[in-house]
Amino acid sequence: MSLATVQNVQKQAATNQNTIFQVDNFNLWYGETHALKEVDLSINEKEITAIIGPSGCGKSTFLKTLNRMVEMVPSVKTSGDIYYRSQNILNKSFHVENLRTRVGMVFQKPNPFPKSVYENVAYGPKIHGIKNKKTLDEIVEKSLRDAYIWDEVKDRLKENAYGLSGGQQQRLCIARTLAIEPDVILMDEPTSALDPISTLKVEELIQKLKEDYSIVIVTHNMQQAARISDRTAFFLNGEVVEFNDTETLFSNPSDQRTEDYITGRFG
Amino acid sequence: MTSDSQSKQNTLNVQELIQQKKSKKSLSAKFEKLIPSILFLFAMISILTTIGIIYTLFSETIEFFKTVPISDFFTGTTLKPLSQNPEFGIFPLINGTIMSSLIAMLVAGPIGIMAAIYLSEYASDKARRTLKPLLEVLAGIPTIVYGFFAFTFVTPILRSIWPAVDATNILSPGIVMGVMIIPMIASLSEDAMSSVPNSIREGAFALGATKLESTFKVVIPGALSGIIASFILGISRAIGETMIVTIASGSSKNFTFDVTESMQTMTAYIVEVAGGEAPAGSTIYFSLYAVAMTLFVFTLLMNLLARYVSRKFREEY
Amino acid sequence: MNYMDIQHVQKKMKTRIVKNNILKYIFLLATVIGLVVLATLIIRVFTQGIGAINVDFLTGHLSTAPERAGIMGAILGTLWLMAVVIPVTIIIGIGTALYLELYLKEGRTRALIQTNISNLAGVPSIVYGILGLTVFVRAMDLGNIVLAGGLTLALLILPIVIVAAQESIRSVPQHLTEASYGMGATKWQTIRRIILPAALPGMLTGSILAISRAIGETAPLTVIGIPALLIPFPEGITDKFTALPMQIYYWTLDAVLVEEYAKLASATIIVLLLLLFILNSVAIIIRNKFQQRY
Amino acid sequence: GSDDESESNASQDDQPEDTNSENEENESSEELEGSVVIDGSGTVYPLMSRMAEEYMINAQQGVSVEVSRSGTSAGFEKFLVEDGTDFNDASREIKDEEQAKADELGIDVKELKVALDGLSIVINPNNEFATELSEQQVIDIFLGEYTQWSDINSDWPEEKIQTYGPNENHGTYEFFYEEILDEQDLVEDINLQQDYSTLVTLVSEDENAIGFFGFGYYDNNQDKVQAVQVDFGDGPVAPSLETIGEEGPYANFTRPVFTYLNVNHAKEKPQVLDYSIWLMENVNDYAGEVGFAPIPDEEAQQLADELKELK
Amino acid sequence: MSLATVQNVQKQAATNQNTIFQVDNFNLWYGETHALKEVDLSINEKEITAIIGPSGCGKSTFLKTLNRMVEMVPSVKTSGDIYYRSQNILNKSFHVENLRTRVGMVFQKPNPFPKSVYENVAYGPKIHGIKNKKTLDEIVEKSLRDAYIWDEVKDRLKENAYGLSGGQQQRLCIARTLAIEPDVILMDEPTSALDPISTLKVEELIQKLKEDYSIVIVTHNMQQAARISDRTAFFLNGEVVEFNDTETLFSNPSDQRTEDYITGRFG
């Protein structure tokens, strides 16, 4: 344990100036299942961090921990610390709603609200107290533009979002997240439910977003991780096996298991 | 090339046995042929019930309209069936029915939906598993017991708070009926709300919404038609409810909107007139059917409407 | 990045969270209100009625004198009613469900019968009373005897029994019936040996719940006409009768003449609730005991 | 022969207990069974149900007497049909059209006067001013001649008079309407109720209430309502078992209550006849207990004798 | 069409002496879906015939046609003929119950009845009218022995079959089928729900059964088909692409699509 702490301090020191999330010796259990084991990790500002690993290794769990969405499972227990911009988010006094306003999330399956396109995007600003119609209009347009979907939906803003195609829905969900101007965006396999063309569009979008946002993306698709991310963490059985520059991790993995995984020997 | 060419070295040849038995089985085979017809007859009973209901109500109602003009019945605001110059306006009864159902829904609607919200959105699994069946006990209490409770307990309490309330009034049975309907609305609305996919809730939470905001702005709009259907079914139930109003609301055929007064519902009128096993052939006797017909049509429309609304809702996701 | 003012949002957040927490308790309260009423009702009925319950009350004949009055006649009346309702609903209900689920092909007829059944389930009980009065009491000239009352109540709960039976038939896994057909079993053999045994617990649970609804029904009986004073015990389904809910009704109304009747009504309610409690417990036991894992 | 004995015993002996035991001994020779079906007036119901019960306990255990209470008029409709009820209780006399129907059906109807009921005028127990009213004032109140109490007496409060009564289903209403109001229409906004329990409660809760119903309902609820003392010309009289007798001072508001016997049934079914005889021989012993004044003993005996002729 | 008929005649001639099932130009539709297309096939006595092909190609449909179980789907329509020992089973006058008494079936998921082990095996004989206790006892013991499960269950004949392991349940289902001594046994992926060890046991059993029964087995597992079957049919999109000796089909497929499939290029 003391060793881990030492490493930890070093890592923290190395990345300190632009670290957004700092995860320290974090453990998570679903009831008896030990789903995350002594995870140490830091997420940097305006970078894309990819999380890869075989099914069930804890990728989604880790991602959902960053905005405390994981708490929705009643049996969850945790230990360790997670700092978001130096505040410990696991602290009871830290309101999840505040955290989630800063840390947006995009899900695997597009999950627009059963409302109009406009209302979907305006939902976030509205609950956060923006009522002015003109401001809302501006936010909606800007978010949809930023999500590269404005041209496709500008004539059907009043229509139900369920009428859009899967790829459009997913970009709408991203626009919805952008509308509250988060600091970080978490994405859990955002393209796995999409066809190749939609996937391409969303990938392009993610790379554009990097200019303004910090992004953590979970993906099954190693090519995708290699293509778009700056740094990559490889999870296995709830542990972080390797965490490094994407290029280094894919070209020169330091752990045998990482190599086995990225060469497709399992998973 | 028939089947028995098997060259198994069995001491026991089951297939042979089966073939032997088969020749004897013709009797039970005949019986089997009859079964669909027998079951068909059973199934026809429910159809016959409907035909029976509609036929009795219709034919006697027509008799009624031979003595009382249909327009008098549906537009009349006085009901004096027993008087020397009887008047048969159904309005007081419709008014009483609507008043009692309205009060019931004012109680059951908000409480039921709030309970549904709690059970579906806030309660832990364990809390839901204990609370829901307990709540449903309410729906299993015989209505006569509620009637007794309304008359001997709720009315006196109401009167001590609000002296204007009469000993028999529409308020008390309305409230108690509402309590009886709570589990129905809570349970159906909860079903509708739980069928809103979790991913949509998560979408709201991920934007920093509180539970309250996700509930009111996302879940309820998504479950709206299910919730509306539960309300309509609740109203239908209230319209058809009999004993609570019969006992606690008296038999005044008042046409009033004052909830502190006694009013009669369609159902209570039927009990009053039929209570003495109404003399066959008299106008009063036929009025029973005309009122019952109206009641039947009311509830039927409500049920059809509820089904239409909830079917629409199922298509949504 | 200038529409959202973080400071402002965070300031507002507190009130939003407080609002959420307050409403959470209001919702909880709403959930509990019904239970409070339930508890009040039960406590009230018990405190008022428990004193009147003794062996004489439970086994005695009906009487106009409160101190002599017993409800054995009403209990027997209710039991005789059940003796009609139970076989009629179970046989017809399960038969109809089998026909709809296993014999009748998907199509117009089936949709028609199904719609008809769900509409019947929503018909007010008093309308069934009128049907019973017109058909059983008058047209068939049975008079207001147990059989007429029982048939009326049976029709009333039939839709509930049918729907419950249909659901339990549907919940018998397809692979079991396939296995049976695969052995060369005929349809009826499969029904009798595989489907019915597997579906029976569910059917019984549903039927018992429906029957307990019938036991508490008063409105149809008031329409059929039940004597206010009937002293001899009913001895069969062709006798006139009174039933527990009717007795509660009459005593509630007559409490104005004889105050103690209110106590007797409460005591009768206790007996009725107890009967329902037993029936429901049986339903739960059946459900738990025979719940199959496939 | 045995019937003669029991009759003479009953008429000589005023103690109900004795009468009962005599009856038991006498009738034991003749065990009857079958049923007796009674319907009709709710006003008479307490008396008839009591009689029926006593008959089954003390006279004929084998006979099942069932009593319903649909109301006088509704009861007649069930009485005047083929295979109708055996008795119909009535709080008024049979009407001509009802009698005509009986004739048409060939039903021989016998009227049995069973007791006397004093129509009680009741007010709220807190009402301290209207405790005494003249007969005419009572009539005028229910005809709607006065709207406020102060219209009757300027010292009385300026409050609206609220009138109550049983609805048209009840013979009590018809008696009030036909005999007391002389078929003039009741005040428009009178609150008519089917259930007496409701009526009693309504009057007991409404300070400005005035209502009418049978003596029994007043008698059993003296803590909830008070009776108006009516002045029929000889000073105010309160209704009581004593005053409502046929010759009593309250006689103007007193009416007989009846039960009508289907004589055809009585001839066919021994238990129906037996019950009718027993009823007339014993009714005076129980009438008081349930709030009715007895009819003269001779009258009861005479009816019993007439019934025995039917044997 | 005439070409098909010619081939058909030839095929029939070649296998005539011990053909049990002869499928001629058979088509099947589920409503609008054309699930089996002009299938010509013959099944030989005391052989194991394997049916392989990618998911949805119609394997199960074909199998269920052989005992007319497919009729349980109301929308099914067929054309063509199927002869079982020269009788046309699609003929209305042919009672399905008779057919199914001769043609047993084992399903993908073990599906014992919720009854005792004994009652499971005795079910078939009982519905066919055998009531004698001693005869039943004999049948049950023999069937369980033949299914190689007697030793494992002989002490728990009265216990509920659901207490057995998955592999035991599947062998019990086979025993249940053996109890009516069918002529043919149809098996639809009988091992796909089982663990490797149970799979091995069931495979062994199938090979033993070949001595007395004709077997048609559907399998996803090409190794399995190769290991145990005598002849193999390869289905694709409802058509029989190739039907041949197992050895030939796997070592020297005549159709490109077959080769693609068995070398794992799709499916």
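A few notes on this one:
We just call them A, B, C, D and E in the order they show up, numbering each chain from 1.
As a working rule, a residue touches a chain if its C-beta (ideal position, glycine included) is under 8 Å from a C-beta of that chain, and two chains touch if they have at least 3 such contacts.
Here the structure is a predicted model, which means the values were calculated and not measured.
Listed by label, the chains touching chain C and chain D alike are B. The fewest steps needed to get from chain A to chain E, moving only between touching chains, is 2.
At the far end from chain A, in terms of centres built from Cα atoms, lies D.
Chains joined by the most contact pairs: B-C.
Taking the mean of the C-alpha atoms as each chain's centre, chain A and chain D sit 87 Å apart. Between chain B and chain C, the centres computed from C-alpha atoms are 13 Å apart.
Centroids of chain A and chain C (each the mean of its C-alpha atoms) stand 52 Å apart.
The multi-chain contact residues of chain A, meaning those touching 2 or more other chains, are 97-98, 101, 127-128, 180. Across the assembly, chain B contributes 208, 210, 213, 275-277, 280 as residues in contact with two or more other chains. In chain D, the positions touching at least two other chains are 68-70, 195, 198, 201. Contact annotation for chain pairs lists A-B, A-C, B-C, B-D, B-E, C-D, C-E, with touch applied as defined. Across the complex, chain E meets chain B through its residues 85-86, 101-102, 125, 128-130, 135, 138-139, 142, 179-181, 183, 212.
Only residues 29, 32, 35-36, 38-40, 42-43, 45-47, 49-50, 52-53, 56-57, 60, 110-111, 114-115, 117-119, 122-123, 131, 134-135, 137-138, 140-149, 151-153, 179, 182-183, 186, 208, 210-213, 233, 236, 239-243, 246-247, 267, 270-271, 274-277, 280, 288-289, 292, 295-296, 299-300, 302-304, 307 of chain B touch chain C when the two sit together in their complex. Across the complex, chain B is touched by residues 67, 69, 72, 74, 96-101, 104-105, 107, 109, 111-115, 123-124, 126-128, 162, 173, 176-177, 180 of chain A. Those residues of chain B whose C-beta lies close enough to touch chain A in the complex are 124-125, 197, 199-200, 202-210, 213, 217-218, 221-222, 316-317. Considering their complex, residues 35, 45-46, 49-50, 52-53, 56, 64-70, 195-198, 200-201, 216-217, 220-221 of chain D touch chain C.
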